[in-house]
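There are structures below to look over.
Paired with chain B in one complex and with chain C in the other, chain A is shared by the two complexes that follow.
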Partner chain A sequence: MNMLLSVRNLKTYYRSGSSVVPAVDGVSFHLRKGEVLGIVGESGCGKSTVARSLINLLDKSNARIEGGEVLFHGEDLMKQSRKAWSRIRGKKISMIFQNPQSALNPVYTVGDQIAEALTVHQKMSRKEARDRVVELLKLVGIPEPESRLTNYPHEMSGGMQQRAMIAIALACHPEIVIADEPTTALDVTIQAQILALMDRIRAQFQMGMILISHNMGIVAEMCDRIMVMYGGVVVEEGETAAIFAAPSHPYTKGLLASIPSLDEDRDTLYAIPGSVPRLTAPVGHCRFAGRCAYAKSKCWESEPPLIEGENGHRSRCWLMEAPDRGHDDERE
Partner chain B sequence: MNENKEVLAEVKNLRKSFPVNKGMLWRRRSGAVRAINDVSFNIYKGETLGLIGESGCGKTTLSRIMMGLTDATEGEVLYKGQQVGAGAPSAFRKEVQMIFQDPYSSLDPRMNIRRIIEEPMRIHTKLSARQKLDRILFILEKIGLDEDALERFPHEFSGGQRQRIGIARALVLQPELLICDEPVSALDMSVQAQILNLFKQLQQEMKLTYLFISHDMSVVKHVSDRVMVMYLGRIMELAPKRKLFGNTLHPYTSALMSAIPLPNPELRRARTLLEGDLPSPLNPPAGCPFQTRCPKAQAVCRTRMPALQEAEKDHFVACHLYSGEAGA
Partner chain C sequence: MTRFIVKHLLKAILTIWFIVTVVFVITRMSGDPTDGLLPDDASASVRHEMRVSMGLDRPIHEQYAEYLGDVLAFDMGDSYYYLRPVNELFAERAGRTLTLGVASFVIAIAIGVPLGVLAAIRRNSLADRWMMGFSVAADAIPGFVLGILLIFLFSLGLRMLPSGGSGTAAHYVMPLIALTLGSVANIARLTRSSMLDVLRQDYLDSARARGVRETAVIFKHALRNALIPVVTIIGLHIGALIGGSVVVETVFSFSGLGSLIVSAAQQRDFPVIQYGTMLIAIAVTFTNLLVDLSYGWFDPRIRKPH
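Let's look at the complex of A and B:
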């Protein structure tokens, strides 16, 4: 079914002093062609670590992929050599980073940086590269691309910088784009422009996209499917419409209820008590149990698997377990 | 509805420009950024005035002037009828406090929580050690932290707890007006709701008045009684919350609202996307600052700035569409 990427039981741990932090602790998902998969969660839930593991950009001094496989065109990306990676990263799978101000190199012009993405992966004359860069700048909606070529990043606004970053990511027509909080550093009116641009380009090139965000509004608007992460694991996943219509994990429910709404007035917001816990491996209980209103003794004794619910999405919560149903573990 | 309310602070024709210099050795003045441009409004006792705007709209400069941390270029800020600024009476310094955006950089990492919360009292009061401790404990309980927090240091707390400590420090002098500059934007989603609820609860218990600055429309809508929208140093619209959100007048306010992604996939809408970037405050457009991006801009908007006027009762807007000067 046009499967682009399939991730099985990915585990990435960070070493922190003498303890081991399970930043990503057994995450499985797949991405189809032309699909937008959203990963939502709060800081520290592991969403950026998933992205960096997929594209092999982890800081090797303290992060290690402990297990799992990432299948892309039938090959396990986790087993590729450095050399093989340099042909994949930026060409087949590319990334849009959160903060264009720090992701762009301040001492090269924007034109040079986009051209670099092209010439590293393809044989191309300077003239061809230049024409292609102008084309890309037009595609991402930068006015007067010929004169913008020679701009340095500091001569552009934040929105324009993010457009240039998108041009770099798109330079080689990747099959998958991973966007890690692409609009967090931008103002709302500029954010709306960038989201519209990303949506248009994804449809035009039929790319698969993984969109990472902490903003429930952005994923509701952009994504076909959503994974909600908490403490390094997926706690709920399913079609966007299903999750927003009937969230089943207490964490997802709590998050949605805690967002102030524009269309209704409430005096007090629902607030999830406590804050995101710091976990150390191995974890033998439900990671949300300490903040959950429904926690029972079972939640502290063993960690629930992702359990299929009636509404078609899966949720990592013992409450989902119907009395007559066995344990369907997600690791088939 | 505001006639019978007591005015706590009054901002009159406020302007602030920052000089811009050029050259490394012989620095010449080459221009000025007009951060605040002819801004006037009142803050009434007991209300929450929300201030919303994008980067560069002057919201932080305004809060600094109101705190007396920066002097205005023109115009004045009156607190209880007295002018704010250098040499302001110490009552003002006690009664107006600020809550900062970043709970990581706004607490001194080398002070424990007791010293952090005690510091304002050491400067402004002559309380005994016992009285100070009583007040600290009282405030800690109000903001939802335990007594054992006292001897601990900021790094031992999460972002939400640190923001609570920042609030405790601001409240310990029993202020009347709190200026909150993006107080929840650095917090995680699940913690943001806790802090917003705390703000509301404290307001009722301690009869506080807030100037609440944020770039997040839904947060401003949740906390505010009245809302003020700023763009490039000017007030575009100012109205009670229900009027501003129920009957939006200014095209910029409508565009801001339409730009917010809503957490409801069934409401994916056709948006009015604003084109272009925010103009540079160094070189603002002539006429109305919003005319370069406004879908309803007309000839008059390019030449003259519309005045802020009362289009409906209590609902102020600065737009030629309502000044009777725009062509039909």
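Let's look at the complex of A and C:
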């Protein structure tokens, strides 16, 4: 089934003072060739930490991978040397960042930065590199690529900057692209263009993509599968259609209920009550229990495992154990 | 660009004119140069005759007008004390002071910047703490105190280096250390803090994400950004360097421009003081102009504002 990446029990903890924050606390998932996996959740749920762990860009002063493995072509990425990483990054796995304005170096031209993505991985002449950069700029829909080459980042709009970042990420046709909130910093009108561009190129080169977002609408449109994270763990995972049609975790239900709908005439938006708890390891209860309308005593006594349902649909909720208990009759 | 340069050149000339004028007025107010040139029992008529020959008996605005005219004609006058043209005196000594100054400047940057980068990369390590502790001390010690300590250590104690004078390469060692140590420390600390700011930036992670090796991330992507604020301080150092060389040359009886200007001030040798301060003013304003121009190279946001 063409497995590209499989992550098993990944644990990334942050140390702040004497306390340990389990930002990613035993996350497992996989990505197939050409597949788009969405990771959604609130700020602080660990989705960006997962992304940075996968490409080895954690801030080493306070973050550490405590366990787990990330298999890519059968090799554990967590065991690669620094030198090996510089051959993987950009070439096999690349990343698109949230804010293109801060992700581009202000003192080098956009053309230089795209060319660098090529020349660090393969020997080529200046002329060859330039031609490839022009090609890439065309590919990502930047008009007048020959003259745009010599622009500095501050001479471009946010949308153009993100297109340039996409050109950098795709320069070497990587097998996996990790996009960490790629449109959050952009105008709403530009967002759709950028997403369409990413989707077109991804399909063209048959790349696997991990799209991190807090926007359920974007995820619904772009992703084959969705993984919902909360408090450092996966709370629900499944096919996009299945998750939208029949969310089984109360948190996912809450997320979907908070999407404003054009059909309804509501004055106030629904919001999940409470806020993300500050967890410290080890956690011995359901991480969502404090905000869950269905929480019962068991939820506070032990943490539920990911319970597998039909078609690989997984959910981390004790209520899944007994679907006949009645609270989610509307399911199915 | 041409407009930028012309505008700054005009500003520089205005600054130099202002300094020259202030110095002219202050020297005339400082007292009578004949006090030092004639014996104490010289008669009033002899003193008056000497003042007339120097042109000091005339009203100050007349003296000033003549002085400006002379300067524009590149006639800097003769030293009251050496009785020789001022520019000859300066030409003889300029080489030594320039060597000292340029060497100090180059060494301060060549050591200060890498130390700062190293401290930033290894922040909070033992090496970083030692380096920063040492640099606070080095920055705090005035050049003349350090100079005297060096003389105690290397000349009186170890008998390795001459305590004063000029001529051989060995004569440059201690003045150079006394002049440079503070700048090294200052530049190192500034580079460190600027580098720490830059090391947090997303564009370094994005460079790493495209496969750029760590050395290139630091020296190609981070350093150029980190140097932008450092350049400003390096510009200010040139002024401090000139002030420092005056003190250091005196401590080490190093025969350069600094010691010439100091003795001229003590002797009220007006033409020497005036020429010396004018040269310093020119040096400082023009290096600042160069610094302003170099910003454009370091930071394209200044060169090509959007």
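Some points to look at:
Operating definition for what follows: the second predicted complex is superposed on the first by the 314 of 332 C-alpha atoms of A that agree within 3 Å, B and C clash if a C-alpha of one lies under 4 Å from a C-alpha of the other, contacts with A are read in each partner's own complex, and residues count from 1 in each chain.
The rule we apply is simple: contacts are C-beta pairs under 8 Å (C-beta built on N, C-alpha and C of every residue); 3 or more make two chains touch, one makes a residue touch a chain.
None of these values were measured; they are calculated from a predicted model.
Overlay on chain A: chain B and chain C fit together in the combined arrangement. Once the two complexes are overlaid on the shared chain, A:S43 sits against chain B while remaining clear of chain C.
In the superposition on chain A, A:G68 contacts neither chain B nor chain C. In the superposition on chain A, A:P145 contacts neither chain B nor chain C. Of the two partner chains placed by superposition, A:G238 touches none, neither chain B nor chain C. When the two complexes are overlaid on their common chain A, residue A:G217 makes contact with chain B while staying clear of chain C. In the superposed model, A:Q193 lies in contact with chain B only, and not with chain C. Contacts of A:S102 after superposition on the shared chain: chain C is touched, whereas chain B is not.
Taken over all C-alpha pairs, chain B and chain C come no nearer than 8 Å in the superposed arrangement.
Common to the chain B-facing and chain C-facing surfaces of chain A is no residue whatsoever. Interface residues of chain B, counted against chain A in their complex, comprise 54-55, 158-161, 188-194, 196-197, 200, 215, 217-219, 221-222, 245, 255-266, 268, 271, 273-275, 277-278, 293.
Of all residues in chain C, those touching chain A in their complex are 201-203, 205-214, 216, 221, 224-225, 298-301, 304, 306. Within the complex, the chain A residues that touch chain B are 42-43, 157, 159-160, 187-193, 195-196, 214-218, 220-222, 240-241, 244-245, 254-256, 258-262, 266-273, 275-276, 291. The touching residues of chain A, when paired with chain C in their complex, are 55, 57, 82, 86-91, 94-95, 97, 99, 102-109, 116-117, 120-121, 152, 154-155, 165, 168-169, 171-172.
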